[in-house]
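Next, two complexes with chain A in common: one pairs it with chain B, the other with chain C.
Moving on, here comes the complex of A and B:
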């Protein structure tokens, strides 16, 4: 019986490591790319989803062999990377700041292979660090939030309570305060472990609590948990003119399509572009080590305006935000980076 | 401070406590019959996943809930057969089920939606945000009555306390234990369904986030009794709701300190107030008919 159970367990875990394409893995003429996702998993509709989109676009444009792993828990991250490295993968991508120590450990053992870490910084010559100026994008959506809010209270739902997410929070707050110095931001974090990325029920509870305290725009930077904030704002419905009573701001991927009318905008972090570019660099045999910074100036960070939310943000607001964007790029506005404070 | 002690904390407490209570009551029925049920987490995941999938296809949360209950009973049956029929180690089997239920939703969602562990979002009209909470709290007196005032309840308790005596009295210990374990699957599955089609609008990988284990702690904390278990769940719920309320209010206090409140509270209460928790005497012991 126990044998059978463990067999079932093994069978059911296998698909988690299912290869992305079924092309032959041993075609050594092609560049092999392995990607290891964060705990949120590649269909978190947010951060990991963006990375997944990026590598897939690269797989369409270049003749690469792509394999992915979604670790079920943090302890399986390093073995997954090592498995790629042992099979001689040319580029191994780790998604998420939490994988920095693991990728460094593996990269030291395989100095001839190339690695890339999203959101992390490594000094190793064979590791590319893909980092983003999230604080700048958060500043812009903070401005939009403050210009939309009627109550003068904003909410922020962060996933895991780590410095990286503090960058979002602080930028958001600074942007909001630039519009309305009296505005109040209520920050909440889902948790302090990686489970914090995957708990939409807790995310909703946090958002509801903020709404009950008067918040009418909530910025959710919490992966899957952030989806709970989407549910929370939807619960408060729309007014007579069909305008939502409460708004949510999406993160990383453009999430305006998810609950049209309720999603004010998204702080878009182009993880897809960053990942695509690093695969491209590898395919074209350019050196890829060092820090690659994505910000407003190179469209690595931005905010979303599309058919789902263009009626929610008035034109003067867009103009104000665009003006601020230019000032941030030229350095006239300095947004505090919580990780460098 | 007034902001912390508002009305909303009451609702918040109930919302947080509901899935815990459903799972804990399920665990109660299983453990009072003598079968350790560490698989609550997995059973909740089964209920959460199945009800989200079926609600997505059927467009009706009640059908989804029923299907979720069915899946909980099915998974619990694996536990029951292993523990009762084959005398396996109940903790090991329960753990195996928890691991199994991490994998199965991933496998099935891949086949159904080409995702790895999450379902599409369910429209708001197809959710049941309150019904599971009503079911949970209504079940407390029902289970209390069944446990202490009916012949079945007596047999259930006997199977967990002294199966030899129950057997001598002509009670089928195996049948009673099967009933207890299967019911625990049904209840834990409702708790899971509350997470996916009640409080949120989709299933995501491992979305129970340890609630099954907290339910188990509430069960032990409540000394395997329905009313006390409910109070324990409410206490956990209140501590978490209070932590949520306090996070935004008191500045310059690190989140970790606020988030440990529920756990510290549990330890203080466990150590200081409730005295020794005594498990059903035959808990975890397979019964072999002589």
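Moving on, here comes the complex of A and C:
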């Protein structure tokens, strides 16, 4: 009994020790934004991380209330969206194409709330579809890969074997072939389920197999699994002049800082910009339904050149890629979109 | 006819049946009930106290956090609806594990049994999609129960025939179940180009109604469905089976002391197989909720470990159907409230719920220690 009493005493004193938490959670005048991440979680340093960065930047710039969920398993995605909807959140963002059916189900039940889905397409009037022209960015990094490769063999490690990732693969191959028609691309996919985004061990295995087959530049479009490819190229070390033997190309977020010298560039998908923009639209009360396309022309897609990789790509290569970028924007170069084939 | 059967048929049920009519017996039973309830309640209370201290240490307000937890679990209609919905599969798996325990078996294969059942149910729902609802619903329910029972019978037979331990076999069968179901889904039952590992939808005739379609005032968005009613019925049936039938008596006798049961003329081997089959059938009924009432398809990874949570539910519910029902409702409320705590607090994550569950189980398990102490003091007096 004494033990119980002391517990009760402790528990009643503890809250008094701290300053009261900000009770601003129910300030109805502010726009409430809820974001539901993919299985990878917001620290995947890639796709989800970019979305997380975007909403956080928006939270700094606008007076919004922001809450996030990392569902952890696919069954918790829809309940999390419904929890936001029940509380009347003004904008609910789903990250990743796999959440499209869930967000549509919830959006139908709550027609007055706004929703946004990253990478997915929905026809509902209250759902904004944020999609990217990944094939165009992949084309540009494919060019850089082909200009860097000495063996004439490139690798591609995809996450889940789905049409969305085929878009990356085909664009990459077309870009590489534009530079060197004889180049060969070895494509491999981590898996066919959600787990494919979160399996760095398998990612590494695939990258090593490709290197053993002769590939010297590997494009990893596999979320968390792609980090395995980073480890694989690092294992092959650098030559006498301090240049890496094998290179990896990052995806979604700029990943050149992660293994400096080994990361040739990153196919940057500005999920952060897209998410930031949709929050801004909601705050400024613009209608947000419909398809929002992000490509080279509006800086939604790009390739990374910064202090970590500027010595890896020679200036003429950059000029060639920039020229191709302008031609894609003006329509002179047509990159095949694998999802519209 | 053995002596045991005669005893079971005549004296035993009669005595129980008449018990409530006798005053002294009635108070004694009430006292027993109170005693049975005291420890789980204390365990829950103590778990919440310790959990509250953890919340305070993390830096959130424990009272606000618990208000959010309980408030979101019991709000009308969404909170209650979801609490009951989350409780439904846990009632089935809790009953399944309790049935095993009553026969002295630890069935940790409920997860595999419900996976196989869900796949088989979806298969039946797809293959006979054009039948009428009157045919299809009983058929799919039957498939759910039969496939779960069949999957559990295998380790049951292995135990009875060769004495190989059911814990090892059931857990291995879990892996086989998931592998087989996902392979079959991938090769034969998937929609072309669907990026999600799930089967085609089952026929409309196999959909069981949601509670919202029956009781007006409950919005249709809440996935609570007739499977919950089935689950409550299953609790009642299990009580009748265990305490009012010969088979149930034999199972309990085997669980209490297999040697004595064998000596009394009960075939222990038969009881093991029977208990495993019933246990697997109960676990398989999860498919009624998930496939026929909620997703209308088999979905890879649909179960967030219902089979294993069922062990905790059975433990907290003291392997009694009524206890299992209450424990499952409690766990359902925690699942629902945990989601809101995860989202709408500053620092506390949904792991709080896991900690609370673990603490409850820990305190329930510690009961034996308390009992022994109390027994000592009583005997000293």
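Just so we're on the same page, the second predicted complex is superposed on the first by the 318 of 341 C-alpha atoms of A that agree within 3 Å, B and C clash if a C-alpha of one lies under 4 Å from a C-alpha of the other, contacts with A are read in each partner's own complex, and residues count from 1 in each chain.
Here is the rule we use: contacts are C-beta pairs under 8 Å (C-beta built on N, C-alpha and C of every residue); 3 or more make two chains touch, one makes a residue touch a chain.
If you're wondering where the values come from, they're calculated on a predicted model, not measured in any experiment.
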* To do: Identify the partner contact of A:84: answer first if only chain B is touched, second if only chain C is, both if each is, neither if none is.
  => second
* Asked: Just chain B (first), just chain C (second), both, or neither: which does A:213 touch?
  -> first
* Asked: If you stack the two complexes on chain A, which partner ends up touching A:75: first (chain B), second (chain C), both, or neither?
  -> second
* Asked: Given the touch rule stated above, what does A:163 touch, chain B (first), chain C (second), both, or neither?
  -> second
* Which of the two partners, first being chain B and second being chain C, lies in contact with A:320: first, second, both, or neither? -> neither
* Partner chain in contact with A:192 - chain B first, chain C second, else both or neither -> both
* First, second, both or neither for A:178, with chain B first and chain C second -> neither
* Structure fact -> Both partners, chain B and chain C, contact chain A at residues 8, 11, 15, 18, 192
* Mind listing the chain A positions that touch chain B in their complex? => 1-2, 5-6, 8-9, 11-13, 15-16, 18, 41-44, 70, 72, 161, 186-189, 191-192, 195, 198-206, 208-210, 212-213, 224, 227-228, 231, 234-235, 258
* Give every residue of chain A touching chain C within the complex, in rising order. => 4, 7-8, 10-11, 14-15, 18, 20-22, 25, 34, 67-69, 73-76, 79-80, 82-84, 86-87, 97-98, 101, 109, 160, 162-164, 192-194
* Asked: Hey, which residues of chain B end up touching chain A in the complex?
  -> 3, 6, 8, 12, 15-16, 19, 78, 81-82, 86, 88, 92-93, 96-97, 99-100, 102-104, 106-107, 110, 115-118, 121, 124, 195, 199-202, 204-207, 209-210, 241, 244-245, 247-248, 254-256, 259
* Asked: Where on chain C is chain A touching in the complex?
  -> 46, 49-50, 52-53, 56-57, 59-64, 72, 78, 82, 182, 186, 193, 195-197, 219, 221, 299-304, 339-340, 342-344, 346
